[in-house]
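Once you scroll down, you'll see the structures, which are given as structure tokens.
What follows is chain A paired twice: with chain B in the first complex and chain C in the second.
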Partner chain A sequence: MLGASGPGEYQVKAAFLFNFAKFVEWPGGAMASGREFSICVVGDGDVSEELEAVVTGRDIDGKPVAVRTLSDPTAGAGCQILFAIDDAAAAEARDSSPPGTLTVGQSQGFARQGGMINFILVDKKVRFEVNKRSAETAGLSISSHLLKLAHDVYE
Partner chain B sequence: MPDPNRRRAILTGLVALGILAASPAGAGTPPVSAGDLAELSLEALMDLEVTSVSKKASKLSDSPAAIYVITNEDIRRSGATSIPEALRMVPGVQVAQISANRWAISARGFNGEFANKLLVLIDGRSVYTPLFSGVFWDVQDVMLEDIDRVEVIRGPGATLWGANAVNGVINIITRTAEETQGGLVSTGFGSEERGFGSFRWGGEAAEGLHYRVYGKYFDRDSFKDMNGNNARDEWEVTRGGFRMDWDVDEDDLLTFQGDFYRGEVGERHLTVDALVPAPATTLRNEDVDIEGWNVLGRWTHTFSPTSEGSVQFYADRTKRDIEFASEARDTLDLDLQHRFGVGDRHDVVWGGGFRWTKDRTQDSLRVHFTPEQRRDSLLSAFVQDEIELIENRLSFTLGSKFEYNDYTGFEYQPSGRLLYKPHEHHTLWSSVARAVRTPSRADDDVSLVQDIAPPGGPPLFLGTDQIIQLDGNTDITSERMLAYEAGYRYIPSPRFSADLALFYNDYSNLRSVEGVGADFVTAAPSVIVLSTFGNNFSGRAYGAELASQWEVRPWWRISGSYSFINLDLNAESDSADVTTEMGEEGNVPTHMFHLRSFVDLPRNFEFDTLLYYVENLSQGDVESYVRVDARLGWRARDDLRLSLVMQNLQDSRHAEFNDTLLWPSSEVERAVYGKLEWTF
Partner chain C sequence: MSAFRDRSLRRKLTTTVMLTTGCALLLAFAVLTVNEVVTARRSLVEGAQTLAGVVGINSTAALMFDDPAAAEETLSALAADRNLEGAALYRTDGSLFASFVRKEGSAVPDRPGRGQAFGDGSLEVFHEIVVQEEPIGTLYLRSSTRAMMANIRIFVAVLCVVMAVAMTLASLVATSLRRAVQGPIDALVERSEAMARGDLGTEVPVVSRDEIGVLASSFNKMGQSLRAVVVQVRHNIRDLAGVGETLETTSANVVAETHRQGRTIESAAESIGRVTSSIHEVNSGVNELAETGRGTSRSIAKMGGSIARVAGRMDELAPAIETTSTAIGQLTASVEEIADNVGTLNDATATTERSLTELTASVRSVRDNAQRSHELSQDAHHEAERGMRSVNDTIASMHEIETSFKRLEEIVTRLAERSNEIGEIVKVIDEVADETQLLSLNAAIIASQAGEQGSAFAVVADEVKRLAERTALSTREIADLVQGMRSESGNAVRAMADGAETVERGVGRSQEAGDRLRGIMESSSLSKSMVDEIAGATESQAAALVRVEEAMSQVRAFVEQIHRSTQEQSRASGEIANMVEQVQALGNEVKTATVAQTRESGQITEAMEGVTRMIDRISQATEEQRRESQQIDRALGVFRELADESVRRVAELKRVTATLVERSEQLDAEIGRFTV
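Take a look at the complex of A and B:
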């Protein structure tokens, strides 16, 4: 209440995810599948409500954005973004997410070790790292604008 | 760890609960509403500061202990104006108000004016007094608006916190200076609250260096005694303090904080005016002066994402000028902790500490301590390893505290805790732990005239005055407990949770009071009936505590709890103590129940109600009682809150506890107060 100095961490991260979608191009098949643009959350923690508060009612490429909670990254077929919120989920997302999925984590070294985008906190502000090569290998293309804003880019 | 502000909580291992304090419900009015965030550009988003939740800290459901957290929002909406009153909402914790300024507070039994099995810390500083092993609740206070959360663990916490965390640990944690920026003024008055006001200002002195200063004052009315007369237990306290948090760099955080207070507490007590030639006593009212101050510094350093350490130091002084038993105490404490991961499966935390305390007491005919001054030191070390046996499913936590104290020498307090998560919504845990309550200064050194019995009556039915005297015993040893606990949590969604805890405590060496004999006073026609402490009780307690929260609608939340306990003490065959068993067993309510409802009404109104039930106490014939509170809050503007609080609507007054050695009880009265809070 008093002294809450800003919006919740996951609300801001949700806004980031929503923005990423504007600067990432998915391979044709990944975007065509499904009626919704799905942001899928894996890992231990209740963050989907905070994410929903931000993205509910928004569209990306004419598709309504939906937040889904998955028990396992391998179940992420049809997800455009896979958000791994703990270390265990991050490791699995790196290794075994379906092709055409943008993997986003918040674990130390996630992007360096093959995840695509990794959130970090610097002075209470949200920053992100990008692994360009991982994204390209999976058929995703990340715009130069996003790369310019990244804290670190791994080629 | 991602969030330096919550490192302290992370270090405590078991108590990793930041998420509740920062839950969306408590987010207030951020500068940008959640729905609008998506409209911001990446550049703008990168400029936003977030109130972050540490990943490690977000796992209430993963604590292998009976734990409950009171959030800042809970306190605000409860209408509580003191820490003891806020503790009423904790399942299984018995809060019995003895007088306007005294409380008996304990978990899982052994409650009393000197309840000695519950450890209490404020921002890492122990406020448990070694004088009688317990807490002077009248001087434990902070600016309630700046509390981040109160973490309450029922059951032993001795492996991390050390001796005396036998039946529970209460950690009162205030917000960081960074989280309390800006100004706040809060003031009000009412029938029992004759007037209160508090003020806080928080600012940023330099990049990354935040501070706050605060001051508060209250003046509370007296209660009535059992006969309806003024109990003369009114009190007033003035308090002030500061806190600074400095993010030196990404890896180092320095905290420096301090408080001082001064007040006057009304007490009624038996004064012994003379012992020879004939004993004479009067029941006297006294305004007791209390004062104290403390400073605390802490440096937390992050070595790597999986390793961090902290050094903490504090100095604390308390002074209480009671006519019959004054005490001044100085405490110095140094504490080190280090936490690190080993491989993927081990999370180790270890540490050590040294505490030095010096007291100075003052004699009276009623109470004296021998020696009058005493210095004690306490050396401690602990280690705990949390081992992940099956990833995200099964973990085992093993650890022990080792201490060396001046009363009983070496003590060890190990625990083993198993946590099993068969499914993300279900958590099962169980534990075995040993904890001890080390003897207090009074257990060792006191000499107290409990009462003067007239000729012809009990205890000895002699034809002379009988001076009933209780002496300390330097041979007394620690009380011991072996606790077996199990729990189950069901959290199917953020909107519903249920938490069940079961316990079985096996006590031995519990303190008893043993008759020593009678002594004739030379040159006086009276006799001293003498008793002293022993360790001649053993006992068992078992019980269950059930707590649940449910967000029925986004605008309506209810929260309830029920607890049951059975306490059974037995004297050893060579003990002649016939009162302790009855007292301890009779001071704990078998059943307690509470239900709270929080409703957000249109136009920024809030309507909150509380129903609270406590079973009767056989000791002192305290009747069961139901308590009903109601609160109406209105956020008139973004920066202005008004509230009206009605407490104890059910009756004009009622007793909650009636088993006191030194101070007679008074009865809790119905109360109403209004409050205004302005932020700037």
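Take a look at the complex of A and C:
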């Protein structure tokens, strides 16, 4: 856990989570299942409110966006994005998340260790690292525009 | 415009060609230039918009993940575009996100705008960046228009060069056109100048069939027509000269003729004057005659009145008078114009005198007859008076008889009344007798009853009885007498009434006789007075006849005077032939009429009235003659004026003719200049 930042930090992260969906292509099966685009939150921390505020009334690829809070990353079946808030959840997500799920964390070394996108703070601004290989392994395709913005890209 | 009209054909052609070419080129160049500018601007805008789209897509992620550095990196890639002066990205809240400027000092707007606009040497485009229908920011691009303007300038320069070349070519075309048109026109000009100098002989060669060729052939036709006209004019001038000479001769003749006419008019006027004075003489004679004739007419009218009265009684006069009026009508008709043939009138006058004598004789016999009638009427009157007296006596006697009858009637009536009274008395006596008889019977009965003493009484009674019977007998006789008397007196009364009636009728008859006698008397006195009137009338007729005879001799004297005057007039008015002929014709009529008169007239009246009317006619005729001679005089005055006018006109004509001759000579000289 990188520690609580200013009051705007979760708002920015919530917006980023939502925006990632626009630069990532899910495999056909993952996207087709379910009528909703689910952003699932796992771990000790309350980001759901900010997420709800961001996604309410918006949709991704014509599907309404739903925010679900999970107790266990393994229960993340049907989630398109799985956001692991704390380090434990990040570790679980990194190891045992279902295929076709974009795993996002905010733990040190999460991307380097196999997570797909990891929030970091650079000069007090929210940035992110991308593990391109993990994403490709999971069948996800990350847009070059996103990769270009990434602070670090792990191949 | 008039300045253009007066220019030479060559300059007109050149100007027209150059103007046409210049205008067409200018219009085309203006359109091309505008099109070029519009196209260049549109392509610039389209380029900028395309660029903005690309840059926007590339900047999407930077905007979404709030990475200005990445955005500025993207924008700085625009430096490759030389025209791009600056670019910027704005967030949705309008704040500047990232910017790029080519030159130091130039800036980008603080806030985003909308659409695109050409500013000072640059194009500004604002492009909204949208991701999945959600705006995430705005891109600003400012592109320089210098390159575009440079291209347009080059384009315009090329156009100017093209125009210059085109104008030069147009000028060359105009020159060659001018050569094609000018040659034939020069030939035409040369020919027309020759024609103006008077040379009509040669023609222009016709080398083409265009308007110039048509003009040349028309010009040749005109020359031919002109030649024909000149020949005709020469011919006409010669004719005109001949006409002028003829006109001169004619006007000289007219002048001479007019003078002669004037002289004739003068002599005619003199003759007319003579005629007029002669007419005056005749007129005065006629007036005198008219006066005498009127006197005669008055006498004759007076006599005519007497004759008319006589004619009422004397039937033999009536047809004569009718004949007279017929003859008068004929004479009236005949004596319309008495001229030099009045001699026949003398015969008429003589006949009239004979007729007068006859009339005098007839008047005398009428007078004698009237005298006899007078005496007879007087006798009749006397006889009638006597008869009247007898009738009156008869009537008086009748009246006396009537009176006696009336008295007698009264007496008889009274007698009848008395006999009635007697009848009444007799009736009483009869009654008394009856009573007495009854009494005597009673007395006899009583006497018989009385016996002896009574026998005396019975004798008395018997006597009474006989008395009564005798009385009764007498009374019956009286009654019968009275009855007979009564019927007799009734007969007498009736007879007397008849007598009275007869007397009355007699009186009526007598009165009728008296009335008739009175009528006879009145008639006879009327006839007497009429006969007296006739006598008086015949007396005055006789006296009038004496005056008529006197007048007749005067008439004859005047007729002779008229005869002389009319002969004089006839001599004088030889020129007024128709008038004289008329008079002669009328004279013939008079002759015929006078013969008729001789045959018809037994009476003076007709002839005399005829003479009077004749005189009036003569007077009218001479008056008419005078008026006619005055009219002729006036007409002669008009003739004179007309003759003077003719002389003036002829002089004018002469002058005009001289001018005409002079002009025709001038014209001949002018026409002579033309060579045909």
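The rule is simple: the second predicted complex is superposed on the first by the 148 of 155 C-alpha atoms of A that agree within 3 Å, B and C clash if a C-alpha of one lies under 4 Å from a C-alpha of the other, contacts with A are read in each partner's own complex, and residues count from 1 in each chain.
FYI, a contact is a pair of C-beta atoms (placed from the backbone, for glycine too) under 8 Å apart; a residue touches a chain by one contact, two chains touch by 3 or more.
Predicted model, so just to flag it, every value in this text is computed and none were measured.
*Asks:* Clash or fit: chain B against chain C, after overlaying the two structures on chain A?
*Replies:* clash
*Asks:* Examine A:Ala88 and indicate which partner it touches, taking first as chain B and second as chain C; both and neither are also allowed.
*Replies:* first
*Asks:* Considering only touches as defined above, state whether A:Asp72 meets chain B (first), chain C (second), both or neither.
*Replies:* Neither: A:Asp72 stays clear of chain B and chain C.
*Asks:* Which partner, chain B or chain C, touches the larger number of chain A residues?
*Replies:* Residues of chain A touched, chain B against chain C: more for B.
*Asks:* With both complexes superposed on chain A, which partner does A:Ser143 reach: first (chain B), second (chain C), both or neither?
*Replies:* second
*Asks:* Taking the superposition as given, does A:Val54 touch the first partner, chain B, the second, chain C, both, or neither?
*Replies:* First partner only.
*Asks:* Pick one for A:Phe16: touches chain B only (first), chain C only (second), both, or neither.
*Replies:* In the superposed model, A:Phe16 contacts both chain B and chain C.
*Asks:* Is A:Gln106 in contact with chain B, with chain C, with both, or with neither (first, second, both, neither)?
*Replies:* It touches chain B, and chain C stays clear.
*Asks:* So which bits of chain A does chain B touch that chain C touches too?
*Replies:* Overlap of chain B and chain C footprints on chain A: residues 12, 16, 19, 23, 58, 125-126, 145-146, 149.
*Asks:* Which part of chain A faces chain B closely enough to touch in the complex?
*Replies:* Where chain A meets chain B, its residues are 1-12, 14-16, 18-19, 23, 44-46, 49-50, 53-58, 71, 85-86, 88, 106, 108, 121-127, 145-146, 149.
*Asks:* Which bits of chain A are touching chain C when the two form their complex?
*Replies:* 12, 16, 19, 22-23, 58, 125-126, 128, 143, 145-146, 148-149
*Asks:* Hey, which residues of chain B end up touching chain A in the complex?
*Replies:* That would be residues 2-3, 19, 22, 24, 26-28, 30-32, 34-35, 37-38, 40-43, 45-53, 55, 58-59, 72-73, 76, 145-146, 175, 178-182, 184, 202, 208, 247, 250, 305, 391-392, 424, 493-494, 679 of chain B.
*Asks:* Once bound in the complex, which stretches of chain C touch chain A?
*Replies:* Checking each residue of chain C against chain A gives 58, 60-62, 64-67, 70, 131-132, 134.
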